[in-house]
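In the two complexes that follow, chain A is the common piece, with chain B as its partner first and chain C second.
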Partner chain A sequence: MKELSLNILDIAMNSVKAEADTVKITLAETDESFEMSISDNGCGMKEDFLKTVTDPFSTTRTTRKVGMGIPFLKLAAEQTGGSFSIKSKHKSEYPDAHGTVTRAVFNKNSIDFTPLGDIVSTLVTLIQGSPDIHWVFVHTCPRGEVSLDTDELKAVLGDVPLDNTEVIIWIKGYLEEAYAEMA
Partner chain B sequence: MTVNELVEKCGFKAVSMPRPEREIDGCYIGDLLSWVMGRAQEDSVWITIMSNINIIAVATLTDVSCIILAEGVTVDSEIIKVALEKGVNILLSDKRTYETAVAVHELI
Partner chain C sequence: MKSLAELAAIKEKMQNKVVMREGSEDIRVVVGMATCGIAAGARPVLNAFVEEVDKEGLSGKVMVTQTGCIGICQYEPVVEVFEAGKEKVTYVKMTAEKAKEVVEKHLKGGNVVAEYTISNS
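And now, the complex of A and B:
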């Protein structure tokens, strides 16, 4: 994928499909590295299935459960000299603490590092598509921080749904402004 | 033109050839796999320099007639094993990507 935000969209959609009610997207940047972590409290994966998700062939059958997103993200991280990991606890074994954490670390100085791209559109798409999920987004970098927590928004909005057009436009504007301040 | 004939005429080295009689129709060039996945046409020759396991999956999904690894890129025996299993033809070319594409173009 040409932009990391598309990888984030893809991985977060796995969390949606896993019926998570909370999804946390954390981006932690230094001058040298870029780390992304997407954690959810969805149904999780059993160990046998987890072993196969980075294998492109567990995913290319007609009945595939996940796309090529994970193999591509792993490749994108590793080709910068970074790393990739995915940890999961399935609800059958961990009824009270299930979920998945996908983590990728990139070396920003590598020529093969893909830029983050349009993260604001990614977040807006996710929130609009699944307004009932509690979305937590934190992006820290040496210049500052951008964050959004949809539960905090809901507390202010009361009965107004999160996918209300005006709310979505406000979220987009808020994030764009926060990024502009950090730049 | 079949993949088999392409190998004979262009001098590419076949390292995986489970389906030599596949017909070739067109050519696609690209290294960003997600991009290739959405754009390479069925039966095309796909020229790339990427040689990790994901190329086999992309070739399967797009149903290209063969992958040509250009610029003298080589491929691990593990990947060749998977390619044979999945019915993916892989050819190696010492030529640069452009010259490889030109050689393919002259024949198809």
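And now, the complex of A and C:
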């Protein structure tokens, strides 16, 4: 993956497939580190499966929904001297509190740090593809914060769906402006 | 700064249209967005389709959706076009520029851009 925002898109797609109804993407940046976490209330993974998700070669056809995505992110974080973790609770064992949290920490000053890239496109792609999910995005950095909560947009939009093209283009413009103001 | 008031204006404008439009799209554009697609550049392709369909005024006619891996990862980004009564068209190794061309020539003009289809690669 050329940009971390592509890893974020890829990992969040797992939340979509896990049938989460809320997905929270949190980016927390300092001058030295970049931390991302994607948490969802999807079906979660059983312990046996969870142990294998970071290994691309243990993936079988039936577990294809994870495949290379998680190993890619783990590698991207660890090659900067950072860390990676994934925690999950499967719905069969935790019927009231299931879901997955994927977290990666990067050392920004490492030569192997992949820049975040076009995070706005990632968010727009996720919302366009899964407008029924409650998406929460927060990006904090030393210069300020950019955030988006699709429930707030839905409160204004009423019956008009989030994947309406004009709405999608508005969201894109809104986020681009928020980032431009922070820069 | 963009405000929620603008969003409310979009709502006002759309409310009448939505009732009419729902489920009436004739053409469905499906972009593969699994790890293979994303790594190969599917994100700008999807966004180009969304924006160009809007720009060309095709929103009522064309629906742009996403799917997972369809099994031909070496040809990603892959885009399938489904149209009622016609054979499925599969575009391969797509880019945002090619997407613009497909919107103009195929979705708007009705002519398949043969050079980007799987049978020509």
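By our rule, the second predicted complex is superposed on the first by the 179 of 183 C-alpha atoms of A that agree within 3 Å, B and C clash if a C-alpha of one lies under 4 Å from a C-alpha of the other, contacts with A are read in each partner's own complex, and residues count from 1 in each chain.
Convention: a residue touches a chain if its C-beta (ideal position, glycine included) is under 8 Å from a C-beta of that chain, and two chains touch if they have at least 3 such contacts.
All values derive from a computational prediction rather than experimental measurement.
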*Return fit or clash for chain B versus chain C, each positioned on chain A through the superposition.*
fit
*asked:* Quick one: is A:S92 in contact with chain B, with chain C, with both, or with neither? Answer first, second, both or neither.
replied: neither
*In the superposed arrangement, does A:E181 touch chain B (first), chain C (second), both or neither?*
second
*Looking at the overlay, what does A:M1 touch: chain B (first), chain C (second), both, or neither?*
both
*Now for A:F72: first (chain B), second (chain C), both, or neither, which partner does it touch?*
both
*asked:* Under the stated touch criterion, which partner chain does A:T30 make contact with: chain B (first), chain C (second), both, or neither?
replied: neither
*Of the partners chain B and chain C, which touch A:N109 in the superposed model: first, second, both, neither?*
neither
_If we overlay the two complexes on their shared chain A, which of chain B and chain C does A:P56 touch? Say first, second, both or neither._
first
*For A:T125, select first, second, both or neither according to whether it touches chain B, chain C, the two together, or no partner.*
second
*Once the two complexes are aligned on their shared chain, state how close chain B comes to chain C by Cα atoms, in whole Å.*
6
*Taking the two structures together, which residues of chain A meet both chain B and chain C?*
1, 6, 68, 72
_Contact footprint of chain A on chain C as seen in their complex_ = 1-2, 4, 6-8, 10-11, 13-15, 18, 33-35, 38-39, 43-44, 46-47, 50-51, 53-54, 59, 64-66, 68-69
*Touch list for chain B against partner chain A, complex*: 32-35, 37, 52-54, 56-58, 60-61, 82, 86
_List the residues on chain A that touch chain C in their complex, please._
1, 6, 9-10, 13, 17, 64-65, 67-69, 72, 118, 121-122, 124-125, 128-129, 152-153, 156-161, 164-170, 173-174, 177, 181
*Which of the residues in chain A end up touching chain B in this complex?*
1-2, 6, 55-57, 59-60, 68, 71-72, 75
